[in-house]
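The next part holds the structures, each set out as structure tokens.
Both complexes shown next keep chain A, but they swap its partner, so chain B is in the first and chain C is in the second.
Take a look at the complex of A and B:
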């Protein structure tokens, strides 16, 4: 009888070909090639326009910047959660809560009057408060599943997912009800926030705002220092790998779970309030219908691609952002070829999905060598 | 001796196995014969367990070959090895906890196409277990069995399923003498049927007592294989440890003993009528009371599963107290959590550091930092220096402080736990089966250190162990635990082994 088996051994020597940057970029190239084959078979498009479009995507940095910064921020939020085994698939909801917080403070709270005055300094300070308030709401949104996990042992993943839909519904209720705008040309949506509440565009980088740039730098540095240099970060790592060891070192695993959830949700919420103040200016109705860009979900892929390593979040965000934008550009290229019902987002998902599958396989090969053996 | 004695059943040649930062096996060649008990001896990190796992198909070697009865084989999983009749009984029982004894055996037997009838299995289990002089209900859930009982089930399972080669990894180390002897009897019985038993141990006495041949491993290579006639404890010790095999420093210890006797006994901690449950919610401690004095080693003797684990966890604050009071250093710490106890200066060396103390997926330095870094920012530089010191002093063989704890051998993990926790033991040290995976030399050093801590630094030590020999060697006072209660308390001068053993099984 002939049987086939696999001998799996952990690699002891690190091969230069298997260093993390090579693995990430190699997976990208391989993923693109495979995606091309899929798209070529289904829609028949020549390789030159495919890679030509990809080249355009990655060279037009202005178009990439916007998805990149948001994916990087939310990706960082989710990665912090992943370190503590808090599988934050609810970043989308926390992101929406951040938007709600921002529009509430700027339009429907006493702070609104500040933005109608002509005091630039005061308006700037208030903007900081607004952005942070968005973070606080995001943190609150994440803390609910976090507390259920810590104190009632409820698995966080389904709760987090459902919280996304609750956030969508709250947003839609407010947009169609108490917050419904007066100057919307008949659309159901809120009015726009005052000019003075909006973030400042960086000249020459139309898709970037000074405040967003500052936030991404601060968040990246914060996350790096937190996870690599602080006791809290170490506690989060122990929570994620052996909570009993955390407990027997004298720390409360429940408290660390809450802190992990809070930090993760806070950063996702910040992204939401920055988004509203810098780009959207208003809340649309049916927000769950792709109007968030699904950044909260797409960023899960960023966290996964960086594989729970904070150092690779930025590069992963860049890759996912490129693929995401590439998908949207492909839509134009595929005009007429795209089967009905298939959106640009679907193309993006094909690209991202294939790349991640390739990446996951290569990662296993990076850690382990696998040999096929035939036994007689 | 059996006439089958000379037939080679297993030949391994030039096995190399590396882990990141560690070369565990560096070209091991070995021949095993049918109908023998072969002991694999070696100090911590010598490669015994790795070799066993390679033979059992758990690890794939980087290079080298394995032949069974002259046929070259290549295992890709433990199931492959089982098909060739190779069974591995690990140090930590690997039965499925929420299945019954019968179900656990059926699980494997069905896959082999043997014994698929529940009643038949139940009957045979009863029969085999009673051969060992035990009673285990085959319908008990495994989680309710003690360590010894689980290992008996493993042994019976392997025997029932036709093991040709049985690997027993440090299983017998802590068993009470009576149980150990019935284990040996069973092994000899298996050997007489022409099976091969590989007994892995770091206890020389055990190997000499039961083995037909001893193979000594040192730093991942075979130092020598000795025939029964060649057994000589001093020679074996030299082969295991090389030049470091020095006689124990008896005088040293006695000095400390003298010093302590002059000192007055001051109470540091007290357990008052403590009640606590075990993991499955059954009562494990039933009104246990204990006084713990400064500068004294209090040994807690007992047969595994009588509440020792829960006692250790109560002392460090990991297990909640249902009833009773725990005082430490003048304050009540009942259910005040681990932090209150740890910050009072309490170290904890548990039986399974990878479960209690460390995260295998993090580095040595991170695992030291979690217990000793109190500032907001961690000072990695000075911690790395500290870990390097630990590596030198405690002989932890690994390439760097940044290596992951999971690449360490069992004994090296324990050494790291000892290194870290001794430092934290400013007032009290709780040790629970701390020597289970330590080799003879290091155990001795460790026991000396404990006594020194008590004598010189006036630290209270609670030494919970299933090894009565160790307890008698190290303790100033011996408490005997049985069914979750202290059933006897003796001063060092008045302790008598027989009385203690009787109380243990009470």
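Take a look at the complex of A and C:
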């Protein structure tokens, strides 16, 4: 009888071929190739237009800026969660909650009157409060699954995903009901926030705002310092790699889980409120229908590509931003070749999913060597 | 009263069979120690696949029962094969189960949209008619009988047969199991094959019976509902069946909450909130027997070190 088996051994020497940049770019190329094969089988798109579109996407960097900043912010949020084994797939919901918080404070709270006065300093200060309030709501939204994980031992992934849809529904309920706008040309959506509450565009870079730029720098530095230079960061890392050791050295792993969830949700919420103040200015109805750009989901890939390492978040955000825009460009340029109802996000999802699978496997090969053994 | 009851029985049957079969499939896979995060992606994919198969086969054979049956069978086969690849991959490679599950979930969502839209395209050109399964009392009764058979089969398989002992052993501690001579990869491959075919059947019936058509994004989250059911039923087949009945009636009835004055947004989140609450409550209840607890190896990487 022939027996087939695999022998998996841990690598003792680091293979130079398997260095981090090679692994990331290699799995990107391999992932693109496999996605191409899938798209070719199902839709018969030739290789030249596929890779030509990809080349066009990565060379037009101005279009990448906006997805890049948001993916980097939410990616950082999710990476902090990943460090502590909190698989924050609910960043999308936390992001929507941030948007809700921002529009609530600017439009439907007493703070609204500040934005109608001509006091620039006061308006700027209030904007900071508004952004932070969005973060707080995001943190609250992620605290619920965090608490369920810590105290009831419920796997957080389904809870977080279901919470995303609850956030969508809350937003839709408010947009169609209590917060429905007066000046919407018949659309169901809220009114726009006042001019003075909006963020300032950087001259020359139409898709960037000063405040967003400041936020991304602050968030990156904060996350780096937190994870590399503080005790809390060390505890979060321990929670992710060896929770038993954390417990036996006298710390409460439940509290650390809660803190990880809170921090992760807070940053995702910040991204949401910045998005609303800087780009969207209003909440649309049916927000779950792609109107968030699905950044909360796409950013999971950012966190994953970055090796659970905060240093690589920015570079992987750039890679993912190009993959994401690639899907949209494919749909725009190849309109005649694709089935008409197919959304651009579906193509992005295939690209993202396949690249993730390839990357996960290649990452195993970085640490382990695998041999096929056939015995007779 | 009889009318309402017979309406309820026929309306419940498609939902009940979909959620029960999917959660039983999930149960089988998770009992072998594999964290089935990919379930929603595979569910969306099988839902889209069955639609496209049905369109393509009906185009050649004409509408009827045979094409519908064939498309269900093909979907079951494809999803079972994909699932067995998924579970063996997780076993052979020491990879993070959460990560690879999430990746398969995303790929499933995307592939589902592409595959389903191909069916849509063919439909828009040729106007193919597909025979969806009707909401009749006969088909409902058949569904309930089928569920009873499958539940009994899974229960007997897991707790009375040698294969079930192997599956549970692999789920508790794959290293010990492999040391006493169980082929972990093979057992997980089998449980992926069986569980995957149940999930594929659930997804196919979701499209061809419960909904009767396909639109992009169909099936999203319904995989998670099934996941919640199997957790709420403590991954024990005889418990999953009644809990699934409760959940399914909730999903069938929740759209009707609008008629008593609830806004549509509120009535859509009722199933979500209930799922989360029940998962939390059930996980918090202390369990007396090992039969009901989570498989110990669930979500853990399996690395045998240097053994052939």
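The rule is simple: the second predicted complex is superposed on the first by the 375 of 376 C-alpha atoms of A that agree within 3 Å, B and C clash if a C-alpha of one lies under 4 Å from a C-alpha of the other, contacts with A are read in each partner's own complex, and residues count from 1 in each chain.
Note that in this section a contact is a pair of C-beta atoms (placed from the backbone, for glycine too) under 8 Å apart; a residue touches a chain by one contact, two chains touch by 3 or more.
Small disclaimer: the values here were computed from a predicted structure and weren't measured.
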Q.
In the overlaid three-chain picture, which partner chain does A:185 touch, first (chain B) or second (chain C), both, or neither?
A. neither
(Q) Just to be sure I read the superposition right, which of the two partners does A:6 touch: chain B = first, chain C = second, or both, or neither? (A) both
Q | First (chain B), second (chain C), both or neither touched by A:244 | A | first
Q. Which partner does A:373 reach: the first (chain B), the second (chain C), both, or neither?
A. both
Q: Check whether A:231 is in contact with chain B, with chain C, with both or with neither, and answer first, second, both or neither.
A: first
Q: Return the chain, chain B or chain C, that is in touch with more residues of chain A.
A: C
Q: List the residues of chain A that touch chain B in one complex and chain C in the other.
A: 5-10, 373, 375
Q.
Could you list, by residue number, the parts of chain A that touch chain B in their complex?
A. 5-12, 229-232, 234-235, 237-238, 241-242, 244-252, 373, 375
Q | Parts of chain C lying in touch with chain A, wherever the complex brings them together | A | 35, 37, 40-41, 89, 92-96, 98-100, 102-111, 113-115, 117-118, 120-121, 124, 185, 216, 221, 224, 227-228, 231, 263, 265-266, 268-269, 272-273, 275-276, 279-281, 283-284, 299, 303-308
Q. In their shared complex, at which residues does chain B touch chain A?
A. 18-20, 59-60, 62, 73-74, 76-77, 80, 316, 318, 337-339, 341-343, 348, 350, 354-362, 366-367, 369-371, 373-378, 380
(Q) Looking at the complex, which residues from chain A come into contact with chain C? (A) 5-10, 38-39, 42-43, 87, 89, 148, 151-155, 157-159, 161-163, 165-166, 169-170, 172-173, 176-177, 297, 300-301, 304, 338-343, 345-354, 356-357, 359-361, 363-364, 368, 370, 373, 375
